[in-house]
Amino acid sequence: MDLATILGVICAFSLVFIAIFAGGGLQLFINLPALMIVVGGTLGATMISYPLRDVFGVFNVVKKAVFTKSISINELIKRFLSFAKKSRKEGILALETDLKEVKDEFIVKGIQLSIDGLEPEEIRDVLETEVDFIRSRHQLGAEIFTTMGTFSPALGMIGTLIGLVQMLQRLDDPSRIGPAMAVALLTTFYGSIIANIVCLPIAGKLRIRSKKEVLTKEMTIQGIISISNGDNPRILEQRLQAFISPNEREVSGKYG
Amino acid sequence: MDLATILGVICAFSLVFIAIFAGGGLQLFINLPALMIVVGGTLGATMISYPLRDVFGVFNVVKKAVFTKSISINELIKRFLSFAKKSRKEGILALETDLKEVKDEFIVKGIQLSIDGLEPEEIRDVLETEVDFIRSRHQLGAEIFTTMGTFSPALGMIGTLIGLVQMLQRLDDPSRIGPAMAVALLTTFYGSIIANIVCLPIAGKLRIRSKKEVLTKEMTIQGIISISNGDNPRILEQRLQAFISPNEREVSGKYG
Amino acid sequence: MDLATILGVICAFSLVFIAIFAGGGLQLFINLPALMIVVGGTLGATMISYPLRDVFGVFNVVKKAVFTKSISINELIKRFLSFAKKSRKEGILALETDLKEVKDEFIVKGIQLSIDGLEPEEIRDVLETEVDFIRSRHQLGAEIFTTMGTFSPALGMIGTLIGLVQMLQRLDDPSRIGPAMAVALLTTFYGSIIANIVCLPIAGKLRIRSKKEVLTKEMTIQGIISISNGDNPRILEQRLQAFISPNEREVSGKYG
Amino acid sequence: MDLATILGVICAFSLVFIAIFAGGGLQLFINLPALMIVVGGTLGATMISYPLRDVFGVFNVVKKAVFTKSISINELIKRFLSFAKKSRKEGILALETDLKEVKDEFIVKGIQLSIDGLEPEEIRDVLETEVDFIRSRHQLGAEIFTTMGTFSPALGMIGTLIGLVQMLQRLDDPSRIGPAMAVALLTTFYGSIIANIVCLPIAGKLRIRSKKEVLTKEMTIQGIISISNGDNPRILEQRLQAFISPNEREVSGKYG
Amino acid sequence: MDLATILGVICAFSLVFIAIFAGGGLQLFINLPALMIVVGGTLGATMISYPLRDVFGVFNVVKKAVFTKSISINELIKRFLSFAKKSRKEGILALETDLKEVKDEFIVKGIQLSIDGLEPEEIRDVLETEVDFIRSRHQLGAEIFTTMGTFSPALGMIGTLIGLVQMLQRLDDPSRIGPAMAVALLTTFYGSIIANIVCLPIAGKLRIRSKKEVLTKEMTIQGIISISNGDNPRILEQRLQAFISPNEREVSGKYG
C-alpha cells in the first residue's frame, strides 16, 4: 500500500510540475500569501469543525496508514496454525514464550487474556471494543480529510475573489491586469491541488486501509477465540480462510 | 474544544485579512449594502425555513458548545467511583450531602431520583428521554447552520447578479466598469466567507460536540444505574471505561 | 410559525429590493418574458414530474402550514386532563357535550370512536392511518417545492443561454451588448430568487411543520387511548409530557 | 396524469419558444451537429451504462406511464365489492364469467388462481413476485432517465468546449467570434433543455407513477386474497379503503 | 451487453470526432502534455486512494464485464433440469461425467461438493462466501471508476488553471492569447470526456453487470441445493423461474 501511495504522489505531482515547467517555469506558480490563505484557511475551518486533538491526531493516522506495512494475511494464518498446534500439544500456557517474538500488540493482548483464563466470550468483548475504537479513529481521520478536501477549493475561491476585487479596482494600467489575474487564480489552483491530489485521495486510502485493518483484527479475534476454545487446527484454518478471497488462499496442508 | 474554535477562527480570518491588507487595504472590501443583502437574506431564508424560536435558540446552542468546558471523562469516572463507595458503605441516602457540590444538573437529577426510590429502569427512562431532547436540540442546531451555509453563497450570487445587471446597463463610462464589478463580487465573497469559515465549520463542531455530550450523558446514566443497583465499584469502573478509548483510560486501582 | 415566515419574507425581499433601488431603480429588473420563462418553465417541468392534482394541491398545503395557528401543546395537555377527569367521574358518554366546542376534527373523531365503543387498538389503527396520510401529504409538498427549487435555477440558466446566443449573433452594435447581457442575466437572477428565497425555504418549513403536526397528532392519539382506557389523569399527564422537551413543560398539579 | 404531462410539456416548451422567437427567430437555435453531439453522446454514454434492451425498453415504460389511463381506485373497490358479493352467494366459480369483461390481466390472473384452488398464501406469493418485477422495471426506467439527465448537460459542456477551442484558434476575424461562440453555447443549451425539461421530469413521473401502480396492485392483491378467503364484503371494503386517503373515499353503503 | 458497450462507445466518440473534424480537424484537439496531465493525474490520485493491486485489477474486471458473454438464464434452467432428472434416475454420482462438459467453474464446484457428500447447508455456505467475494470485487471496480470519474474533471480544471496562469503572464502578444486559451481548455475537455464517456458509464455497467451475475450465481446455488436435496425437477424449475421476470420465462413442459 505504501508503494501505491508513493507512486501515486510521484505520478500526479510530476505531471503537474512538467506542465508547469514546460509552460515557463515554477516561479509563476509560487506565491506564498496565496498558499498561506488556502492552507491556513482550510486548517482554520477544520479546527473550528473538529477538536484540536483530532485535527493533529489525524497526521498520526496518516503516517501509520502510509508507512506501516500491513501484515500478510497468509502469514497471520500460518502463525495462528502454529499457535493452535502448540497449544493443543503442550497446553495454552506454552504460548507465553512465543508471545515475546510477536510484535502485534493486539495478538499479544488477546493470547495473554486467554492464558489468564478469561472465557472466550469475555476475550471477544474486550477485543471487539478495541476494534470499535480503531474503526472510529480511522473513520474520523477519513472524515477530517474529506472536510479539508471540501474547504480547500472553497478557500481557493475566496482567495481568487480577493485578488479579483483588488485587481478590478485598478484597471487603469492594462499591462498589470494579466499578471494580477494570474496571481488571483493561483489560490483556486492551490485549493484544487490540495483537495484532489492530497486530501480526497488520502481520505479514500484511510477508508480502504481501515476496512483491511478491521478485517485483519476480526481474523485475529477469530483465531484467538479458536485457540482459546482448543479448536482443531484444521477447523481454525477453515475459519480464518473464510475471511479472504478464494484466489488469495494458500493451502497449507500441514496440520497435525 | 473552546481553544480549537478560537484558534481556528483566528487562523482563518487573520489569513484572509492579511491577503486583504497586502493587496491594498480593507476599505475595498467593506460594503455595507452588500453585507446586508447576504446576512439579511440568509437570515430571512432561514427564518422562512425554521420557526423563529429555533433560529434564535441556535445562538444559545453555539454559545454553550463553544464556551462550556466539557467535563473530563476521567473526572466523571472518579466522581462515580467515590459515590459508589460511599453509597455501598453508608447507603444511597448519604449521597444527598454530596449532591450540593455537584454542578452538573443531570447527575443531580439522576442521583436524586435514585434517592427518591425509583426503580433503575424508571430512572433510565426519565434520563434517556432528556438525552433524546439534548440530542435533537443539537441536531437542529447543526441543521440550521448547514442550511445557512447553503443559503449564504446563493444569496451572495444573487447580490452579484444584481450588481452585474446594474453595471451592464451603463457601460458608457469604461472607467467605472472595474470598480462596479469589484463591488458586485463582494456579495459572492461575503457569502463564501460566511458559509465556509463560519456556518459550515460551526455545524461540524455542533455535530462533534453533540456526539461527545451524548456519550458523556450515556456514561452518566450508566453510572447512576450502577449506583442505584448497588454494583461493586470495580464493576462500575469497568462499565464506564468501556465508553472511552483504551489509550485515554486512567487506571485508578483504589477501590474498596 | 406564521410570524417567522412573514418576517423572513420581509427581511429577505426588502434587502433585495433595497439593493435594487440603491443601484438605479426597479425597472432594470423587471422583464416579463424573462420572468415567464423561469416561472412557466419551472411549473411545466414540475407538472411533468408530478400529477396535476398534487402540483395544485401543494398551494393548499402551504396556505395551511403558514396560516394555521398551531395548537399550544400545553393547551392540548390541559384539554385532555379535563376530559380524563370528567370521563372518570361521569363516564365517557359525558364527553359528547364537550366535543361540540372542540374545533380540531381529529380529536372529535377519536373521542367519538371511543364513545361509539371501539376498542383502543382499533381507535389507534384508524387514527394512525389518518396520521400516515397527513405525513405523506406534507412530505409530498416538501418534495414538490424541493423539485421546483432545483428546476428554477436550471431554467434561469436556460433563459440566460437563450439571451446570450441571441446577443452574440449581433455584436455589431457594441452599445447594445451591455443591456442585452443584463437582460440575459435576469432569468438567472429570477431562478436564484425563486429557488433560494421561495421554494427551498418553504420546503424546509413544510418539513418542520410536518414533524410538529405529526407529533401533536401522536400526542392526541395517546391522549384518546388513555381516556379510552380510563387511565388515571396523573398517568395521562405523564404520558403526554414525555412528548415535549423538559423546559417546555408546565406543571399542572391539579388532578383529582 | 396524462393531462399533467401534456400541459407541462406545452407550458415549458412554449415559453422557451416564445423567448426564442421574441429574440430573433428559431433559426439561431437550430444546429443539427450540436443537437447530434448532445443527443447521440448522451445515448452513447447511456448505452455503455445499461444493457441495450433496458435502454430501448425504457421508451415503452414511458409510453405506458404517459398514455395508460390509471384505473380509478374507487372503481376498483366497487368491482371487488361486486365480486365478493357474487362469490359469497354463488361460489367463487361463478366469477369465471365476470373475468371475461375484465381488462386488467393482473386481476384476471389472480382470480383465476383462486378459482383453480390455490391457497391464499400461494396466490399472494405469485402476485407479489409479479409486483416486484413491475416495481424494479419502473425503478430501472427512472434510473435510466436520471442517468441521461446527468450525462446530457455534461455532453452539452463537451460540445461547447469543442466549439470554444475551435473558435479560439482563429480570433483573427473578430466579426466571426460572436456567432462562433453562439453556436458553441448551443450544445450547453440543448443539454440543459434535455436534462431539465425532458429527462429529469420524466424520471420523476416514472417514480410517482410506479408508487401509484404498485399501490393499486397491492390493493388488488388484498382484494383477491379477501375474496379467496370468503371475507364479508363489508370487511373487504374496509381493508381496501385503508389504502386510500380519507378524503378520497366514497362510501358505498350497499353491501349485502 | 457486449454489443451495447461497443455501440455506445462508437456512438459517443464518433459524434465527438465528427464535431471536431467539422470544425477544422483533429490536430487542434491533440495535445500530449494536456492528455498526460489529465490521465496521469487521475491515475495518480486513484493510486493514492486505492491499493495498487486493486487499481490494476480493475482493468481485468472491465475486460471480463465487457467481453464475457453472460450465460442465458433459460439455458441455465434447462441444464439444471437435465441434471435434476439424471440425478433422480441414476443417483447424484452420475453427474460426475456431465461436469466435464460444463465450463462454468462455479457450477462444477457446487455439484462436486454435492457429490462429495456435503450437506446442502454446507454447500450453500461455501458458495455464498464465494458470491460475496465476487460481489465485493465488482463493487470495488465500480467504486474505482466512479472515483476516477470524479478526479478526471478536477484534474482537467487544474490543467486549465495552469494554462491560464501561464497565458495571463504574457498578454503582450494578443495574437497568442486565443491559441493559448484553446490549449488551456483542452485539459478540461479531456477531463470531461474521460469522466462522462469513459469512467462513469463503465462504473454504471459494472454495477448492472454485478447485479446480473450475482443473480445468476444465486440461481445456480438454488439449483445445486435443489439437486442436492433430490427435489422434484418440476419444483426445481419453479424455484429457478422465480428469479426471472414473468415475460422472460420459457415454459419447458418436459420434465419427467
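For clarity, chains are labelled A, B, C, D and E in written order, and residue numbers in each chain start from 1.
Criterion: a residue touches a chain if its C-beta (ideal position, glycine included) is under 8 Å from a C-beta of that chain, and two chains touch if they have at least 3 such contacts.
Here the structure is a predicted model, which means the values were calculated and not measured.
The chains touching subunit C as well as subunit E are D. Taken together, subunit B and subunit E share the touching chains A. Chain centres here are Cα averages; for subunit A and subunit E they lie 27 Å apart. If you average the CA atoms of subunit B and of subunit D, the two centres end up 45 Å from each other.
Taken together, the touching pairs link the chains into one ring where each has two partners. Touching subunit C in their complex are the following residues of subunit D: 1, 3-5, 7-16, 18-20, 22-24, 28-29, 175, 177-179, 181-182, 185-186, 188-189, 192-193, 195-197, 200-202, 204-205, 208, 242, 245-246.
Residues 33-34, 36-37, 40-41, 43-52, 54-55, 129-130, 133, 137, 147, 151, 154-155, 157-159, 161-166, 168-172 of subunit A are the ones touching subunit B in the complex.
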